[in-house]
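Encoded as structure tokens, the structure appears first; notes follow it.
For reference, chains read A, B, C and D in written order, and residue numbers begin at 1 within each chain.
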Amino acid sequence: MSQSKDIQFDGLYAHELTVSRSEQILLEDADLHLAPSTITYLYGENGAGKTSLMRCLAGLLPSDQGSIYWNKQPINHPDSSYFQDLIFLAHSLSMKNELTIAENLSFYANLRLKGGISQQSLSKQISDVLLELGIGGLENRMFAELSAGQQHKVALARLILEPAKIWILDEPFVNLDQKTRGWLAAKTLEFKNNGGVVLFTSHHHIDELPVDQKVGVEHE
Amino acid sequence: MSSWHEFIFMGKHGAYVWSSYMMSLIVLVGLFIGFRMMLKSLKKQVQAEAAAPESQKPKARKLKVSQPD
Amino acid sequence: MAKAWRWFHQLGSPKYLFQKTGQWLPWVWAATLILLAVGLYYSLWASPIEVRQGQGHTVRIMYVHVPAAALSMIAYIAMAIAATVGLVWKMKMAFAVVRSIAPVGAAMTFLALFTGSVWGKPTWGTWWEWDARMTSELLLLFLYLGYIALHASFSDRSKADKAGAILAIVGVINIPIIYFSVKWWNTLHQGYSVTEKGALDPAFQTPLFLMLGAIYLLFAALVLMRLRAEIILRNQKSRWVKEWASGSEVKS
Amino acid sequence: MILTLLKRELKVARRNWIGLAIPLLFFIIVVSLFPFAVSPEAPVLQKLAPGVIWVAALLAMLLSLEQFYRSDYQDGSLEQLLLMSSPTSVALSKILAHWLLTGLPLVVLSPLLGVLMQINHGFAHADHTWVLMLTLVLGTPTLCLLGAVGMSLTLAASRNGLLVSILIIPLYVPVLIFGASTVTASLENMRYNGELAILGAFLLIAIVFAPFASGRALKISVG
């Protein structure tokens, strides 16, 4: 660990990252800078390693080589606020079938805010965001009772309920109706304009969302 | 040990003594042969894969950063 | 000191380790065979029979039983040490060492159990006694088999290595606890003690120490063989492995 | 963090109570088989009681491990938990919740099994039920802690159902030895403080090592 190296970049910076999965090297010597107030679109064919790269940037998958910095500090540094600032939405929705929508959402919000919010205002926020998403009034339904599209919307609601500075989103636009796509794009732009860092993948180009940087996982 | 006879029968305990030594021999020689064969078959496998055409081997990818049009 | 540290680091390189073990192995085998020949001569022919406890020739079983039992424990401790090196210093070759010790250690444990059982029959009239050491050996065998089964259950080798390493470390913390518990439980039930013999007559020491040395070396030789196969298995895509497979000497 | 997670676990368990009830039912049914297989005579059952009840408790804890970590791993919430808090505290709170939901009910049910196994037969005044409960109070958390390590190691492995049993049963043996023999000592009117102290010591050792080891293993499984 060479602490002496001065990292000049704000936001998220990955230096000479090598990522592998089951013995196979997916990505070699990757340098990536995600600056504050930018939206980055990550593309590449299926199995190219987009998800692995995202999981690596989220600190879940250990990299073979290289380091990741958040605001010039290694993300695993004890003083780093990275995991406070990060929302990582994966393919799996990370919601419990046995809990209601409100219970699921307030669980994550409480975990992140560490009790720094009254339960009353939290449940108000939850009903507001569900209303925006077109699933208003369903907060006391069991998560398992919802349709796949509705479940996806619930997972997106976390972006609004939990304060963060960086979003890493794996296929957030998949299976969304027109209206919700517009909603997510607007919220993403708003987040960016407040200084947020966004990295997302998508199969198709998203017309509603202007991006600042495109990153491809490609052969040379 | 006074005689070959005693060596083989071990004073009526031949079966116990010899089965202990034989089982040890079988297990350890078994490991020896197993490990040798493992290394040999790996060698063959590497040779076979080296003979395969270059294009079949998966290659690591790089990141390409660009600005949107 | 700095030199030793550098050497330790070099051992982390698969190619260097493969070369070095290749150089060591013939010498280890030579020493093993010499010591084994002398040891077997003493233990099967030259050493006297046991008279005081009326064991007669069965005392000869001790010369394989005790070394196997000693190695079964030491091998597990060695596994845990290598596992710690692998997890703390992220040294991948240490995981290869852990994986290589496991089958040889399991074989030693099996032999300790088998010879102990065969020894017990003429001595105590039973194939199996729930005596403290035998019971601990049995549990140790389960620990080895658990490690091997766990390692084999992952498709991702680095996950298998790390999970196996944690299991080896948890296991080594438990070995003394298991031994102590079983011993306590054994005295509670006034069971026999098949393996406790009191002070060893000097006449039996020579063959025992010779066989201990021989089986130590044999263990080392087998682990090195397994390790060399493991190194190749893990580095099949490296250029030097391809050169080695095509028959040319591995150059540094 | 621990409290938030604990509340969530209890809520999930309330709606998934059948999954938790099955190991308990198993606990009772296994014990009630012994009178059929051995003998319904009270002295015989009493002699077997400590061992039978403890083995059944151990197997029930083993069965209930299926509820541990698995669903969180599958629906992706485990990785979210690991993102938001340290692995050790995730493991610790999951273990605490799991013990409250499986170990504690077992302790509460054990007097019933003491009655079935005639544990107080021939004793007018002594009450061995309390000793039995005390050993389970000290022993089942240790089983939970060790089980957590085994479970977190096998999450990402294939054929993990039986694998976890093979890994942790050798580690369970010391707890079984001292748990059952404490009750036996009490039945034989002997002192059992020493055995209880050792059970307590096992629990302390497990509390020190197991959550950390389990946390590391969770990181590996998720990675």
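We take it that contacts are C-beta pairs under 8 Å (C-beta built on N, C-alpha and C of every residue); 3 or more make two chains touch, one makes a residue touch a chain.
The shown structure was predicted, so the numbers you read here are calculated from the model rather than taken from an experiment.
J.: Comparing the two chain pairs, does B-C have more C-beta contacts than A-C, or is it the other way round?
T.: Per the contact counts, B-C leads.
J.: Counting in whole Å, what is the centre-to-centre distance of chain A and chain B, each centre being its mean C-alpha position?
T.: 46
J.: Suppose each chain is reduced to the average of its Cα coordinates; what separation in Å results between chain B and chain D?
T.: The computed centroid separation for chain B versus chain D comes out at 40 Å.
J.: Could you work out how far the Cα centre of chain B sits from that of chain C, in whole Å?
T.: The answer is 16 Å.
J.: For chain D, write out the residues touching at least two other chains, lowest number first.
T.: 223
J.: Two-or-more-chain contact residues of chain B, please, as numbers and ranges.
T.: None at all.
J.: Quick check: what residues of chain A touch more than one other chain, meaning two or more?
T.: If we look for residues of chain A contacting two or more partner chains, we find none.
J.: Where do chains touch, given as pairs?
T.: Inter-chain contacts occur between A-B, A-C, A-D, B-C, C-D.
J.: Looking at the complex, which residues from chain A come into contact with chain C?
T.: It comes out as residues 21-23.
J.: Hey, which residues of chain D end up touching chain C in the complex?
T.: 149, 153-154, 156-160, 163, 166-167, 169-171, 173-174, 177-178, 181, 202, 205, 209, 213, 216-217, 220-221, 223
J.: Can you list the chain A residues touching chain B in their complex?
T.: Where chain A meets chain B, its residues are 18, 24-32, 41, 44, 48-49, 210-220.
J.: Touching residues of chain D toward chain A in the complex: what are they?
T.: Chain D residues touching chain A: 1, 4-5, 8, 11-12, 15-16, 71, 74-77, 79-85, 222-223.
J.: Touching chain D in the complex: which residues of chain C?
T.: Per the stated touch rule, the residues are 87, 139-140, 142-143, 145-146, 149-150, 153-156, 159, 162-163, 166-167, 169-171, 173-174, 177-178, 180-182, 184-185, 188.
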